[in-house]
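Both complexes shown next keep chain A, but they swap its partner, so chain B is in the first and chain C is in the second.
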Partner chain A sequence: MPSEGGLLDRFVDWLPTTLFFKRAASWILVPYWAHKTPVKPLPGGPHPSFEHGDNVQCMMNLIMPLKVKSPIGRAEAALAIAQNKDAIYAGLNNVGTVHFARFVIVGDNICMFSVYDGDFTNYIRDFIATIGSVFNAVVALVEDGEDVTPCEKNVDAFIQWIHERDLYQVPDTATDFLRDQEALNGDTAMSGNHDDLTLLPRKLVLQLRANPNVSLGNGYRAYPGFSAAQVRERLELGW
Partner chain B sequence: MVDASVSQRLVQAIIDNLPKPVPGQRPVHTLGIGVEGKFVASDVARTYCIAEHFNGTPVDASVRFSNGLGGPDRHDGWSDVRGMATRFHLSNGLASDLIGTTLGEFFVRNVDDFFEFSKIAKLAPYKKECWLQKIRDLLQLKFPPRNPYPGETESVDAGALRYADLHRFAQLGVFQVGLIGAPVSYVRAAYHAAHTFWVTAPDGVRRPVRFSWQPVAGVCNTDPKKAPRDDYLREELRERLQRWPARFMLMMMIGEAGDALDDCTKPWPGTRTRIAMGTLTLTKVADNQEEAGERISFNPNRLAPGIDPSEDPILKARLGAYEVSREMRGGCPFKWRPDNAK
Partner chain C sequence: MSAMVKLADLQGNILRGYTKKPHVRYLILEVANPAAARRWLAASTSGRSDGVPQITSGDWGASKPDTCFNIGLTYEGLRTLGTPSASLEMFPNEFIEGMTARALKLGDVGPSAPETWPAPFNEPKRIHLIATIYAEQPEQLNDVQKRALADTSAVTLVGTREGYSFPDDRVHFGYRDNIMQPRFEGVHDADRYADGQPKAPLGTVLLGYRTNLEGLRWRVPEPEELGHNGTFNAFRVLKQDVAGFEAYLDQAADELLKQPQAVGELLPPGAEAKIGKVFSIEGVTPRSALREVVAANLCGRWRDGTPLALSADVPDPELVKAANFDYVGESRCPFGAHIRRSNPRGGKIVQRVANNSRRLVRRGVPYGPAYDRTQPRQLEPERGLLGNFIGANLGAQFEAMSCDWLNLGLQDPRLTGSNDALTGANGTDSSWFDLPLKSGSTIRLRGLPRFVSTQGGAYAFLPSLRAIRYLGSLTT
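The block that comes next holds the complex of A and B.
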């Protein structure tokens, strides 16, 4: 809604839309409020849930910074995937709970985005069993990867390492990330609080400072509630 | 059913908070427009619900689109909740209603919450925040309150925000109302029934569900940076339907154990199974707006056999409150379904 006030009113309404304000806020206000009101990083991956629908078609958005941040490092990553294509596809077929999976290079990160059924820990455990050698080849190119390879001998540490690099999934509804922040701080009361909803922008900004990479929402699904096994069975693709 | 005196108090609480109550008209969603159309169920709808309008035979439908604000003043361009009340006309003169709004989740869980909300979210003078305070807000990385619309002198916004600060269950609904905007057309908004209903399949299986109308033309709001126009939605709809019908898909989400069945402040996850139940085709603005836009009376509890209300306290309260409101304005009598006739 445009302002009908005087020059100062209109200037102040326009100010937050300017690049100048956004930069000044990023350099001064955001660090100041991050210091005054610290926000913890929220954990990645799907929220734990017992419901069937929440445990099929789960999203994994893995971002792994490459050690060599140059076209050479990116080419090494591309080559590692290309050299292991058969192993990856055979492994995915054997795991059997994966709807989609792909490797992507964004900037100097090798990313793995996948949609899978079931528990995250079991998903990674299955991968270690079926394509552990591919993971070892890829993770060797990634910052801090040497700490958890070979993955077959560091299963729990490897799963934790992957979990820490899986993106926080911002809830679909606007205020639910506040509930995630509160839950992380052990605050689960629904009433009797003295919140300030007008602080939502600041809380979001500070959360995105703590979690610079996030998945926005839980993702759209054309056929929610169905597992890879159910889809393959109903389409008579063999299972 | 909620006590009749409670229903009276609910309606009175709404009326008491209106800037200009209009006796003889709806206390909220006062201004609306009646539209005619047909609903055709999808091929799979009958496998989930035995209700007559899901059996695949096209049924006539009456729809009333409305602005959420109560009172006689038309402000189509203001950010506001919009309503889409749909009546499926069934055989033997019976009907099934589905009432949706552009607000996905409500901000109170039950009648007691509503009365508390009414006390806190009182209509109050609404003034533009001065530039100095806006600077202070920006320095705190806060939302400055929106500028009032031309002619807007009172609002419940500040009170609603106070209520949401006290009750986290209300925050999603209140926040969404604040950002809801104004649609470019009544048929370019998605409408959600918010409550849970139970549907019965031919094999007797009962499922908890929530319904939404998805516009085939897509969702589109006006530009909030531009000055709002007060009166465009009726004419836009007339012109649009003269050129071409408008369509909505009826989507039905199936709840799972653990989902909020009786609490309309809580959304269900997007991971729930979603069924396309049919298509509503709107063909013309009704000629008799007194009948189709004013006297027509909807009730979210008027349901065809095969659909049942959940135990949601707000849904139960709406049964009586809509009746009280109807009686106060002389709307068409409530026709109940045969298996629980009054």
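The block that comes next holds the complex of A and C.
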């Protein structure tokens, strides 16, 4: 459908180049486009793949908005992590598939960033089985956390909840981004419109409107393809 | 059999194997009219013997049924029958999405990809109900089918699949199957088959009970009568390339013969003759014996059933159904063997909490004619396994086993990056299998093609009898 709305498309694509229109675009045109073409936030986590190399050293970027948005709320979160640090580290060790994990506060969010091997649901499920009570303590401080705690009794819902707060990993190439978008819309027939890479900025703008926090790509790895246990085995650290 | 659980409320195929009924037919059904289909369900538990076949429960009372009849419902099936949306939402994601949406996790790629599945599996949304008939005689299958399909306003047949158990529980590839099943806490019968493993809590196989993961319970869809005592089944049509498998054994044996030291370790004095005797190999040679050694290592059991963990050098007729062994210490069962990947027992694995948590009840029956190595055909007919992998949580059991253990091999750093040799999504370029030698070193076999490819399947909920009555009584 290149003719229909083609002029408007080109107009919108041209907009970002001028300051006036940048403002106008973000206040008027982007909301208008978003209204016309509702965009669902793309799901978080690594892009599903069957390749072995893609299934080790996966990145989780979990952003959880705190209930109490103030220095007090942030201090509560800091305390919850500090008090449970030993249990969390022991739990991660037991899960066996985690390379790195750390907690960060950004704005009024408590974030957990980790690098893990294998399937995401297996990772979170094993984690619940190991230290579910700690998850409960942390999630109690997070918006809507009460919907899925205690996690031991809401395993599937809890995993889904975590998944929804894991950042979308924007692919490095335009075609992969369009592929994700099509998969989400359940639209596998590649239309001419979807193939047009000049439309990418607008689609990306709309996605970033629906999904303000994202991960850019899925990160750099110094030694790709190795599981945590393989690294430990080779360094003779025991696994 | 006595149990903590009311067996009369369970569908019989969950805890029983129906081993005396070798003929099995699957009726893949679409709901024609929801109200009529609900009446059909109600009739299937009415106790009447003239109409719709009666669901076989886990409690047979005094007399064994002549035939057995069980059903599973897909998410689309539950929805079409008019299950309230609040109940539907309580089912786990993987079940709601259905098997085809989980292809990457299950290794259903390439020749196994759902897009290549034949009818009726090419239209998963039309698969609502999978009914299974088990019978001693093949004619009985037709009788039961006729009764099941008599009311054409209720259900429409969209496809069938049929299997037949071979003698001695053999499956294609020539192995003895049906040896291991989890034993369950509170199910009395289980004591007969002590296997040295902790008994699995009932929550491994039924909704509403404690699971193997400490403190964890799976959500039971409400109302309680719908979810309680139900479970999930991954039904899989698994095509087996038997000619390819036998050819690979030739290839691997030839490779091994080039390494005399390995041959010495793999075939200690007397082994060749013993292997030849057990498998009736006329004029046994090192090559024909090594073929069996390779087959045994890929599975973890010799083709007669003897576990390598108990007898790694030769098969032992005393041990063909042996279940009581473990992988602690220096087991001679390869880490990558099919049975060790799919049940690491007490052996050390990376995911320390997972050792006993992914266990599955397996009900499988071969389909297609047995392969005859002496008379290979130009074009072999399709054959394989109609497999049912039953567990209370598909994600935590069937899928977790498929994606991290059978494929990827995450459970042991010495395996990671390889797929299960028997069932994994292998390609000749990248596949490998480490064959352990007595001395402790290993020989790497390469070039394994894909022996098993998926040709269909569906995730189904196996409702309790109470749930079937509940569904039968729904009004919309």
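Rule of thumb we're sticking to: the second predicted complex is superposed on the first by the 209 of 239 C-alpha atoms of A that agree within 3 Å, B and C clash if a C-alpha of one lies under 4 Å from a C-alpha of the other, contacts with A are read in each partner's own complex, and residues count from 1 in each chain.
The definition used in the following text is that a residue touches a chain if its C-beta (ideal position, glycine included) is under 8 Å from a C-beta of that chain, and two chains touch if they have at least 3 such contacts.
For clarity, every value in this text was computed on a predicted model and none was experimentally measured.
In the superposition on chain A, contact is made by A:V155 with chain C only, not with chain B. Once the two complexes are laid over each other on the shared chain, residue contacts for A:G225 go to chain B and to chain C alike. In the superposition on chain A, contact of A:G96 is made with chain C only, not with chain B. In the superposition on chain A, contact is made by A:W239 with chain C only, not with chain B.
Within the superposed three-chain model, A:W33 lies in touch with chain B and out of touch with chain C [touch as defined at top]. Looking at the superposition, the partner that touches the larger set of chain A residues, chain B or chain C, turns out to be B.
After overlaying the two complexes on the shared chain, residue contacts for A:F50 are found with chain B and with chain C alike.
When the two structures are aligned on the shared chain, A:D86 is found in touch with neither chain B nor chain C.
Of the two partner chains, chain C is the only one touched by A:R125; chain B is not. In the superposed model, A:D176 makes contact with chain B only, not with chain C.
Overlap of the chain B and chain C contact sets on chain A: residues 49-50, 52, 56, 225-226. For chain A in complex with chain C, the touching residues are 48-50, 52, 55-56, 94-97, 117-119, 121-122, 125-126, 128-130, 132, 152-157, 160, 225-230, 232-234, 239.
Those residues of chain C lying in contact with chain A across their complex are 92-93, 104-105, 107, 109, 213-219, 349-354, 357, 393, 395-396, 399-400, 403-404, 407-408, 410, 412-414, 416-417, 425. Taken in their complex, chain B has these residues touching chain A: 105, 128, 130-131, 134-135, 137-143, 145-147, 149-150, 161, 164-169, 171-172, 174-176, 179, 224-228, 254, 256-259, 267, 269-274. For chain A in complex with chain B, the residues that touch the partner chain are 1-5, 8-9, 11-13, 15-16, 21, 25, 29-30, 33, 49-54, 56-57, 172-176, 178-179, 182, 189-202, 205, 217-221, 224-226.
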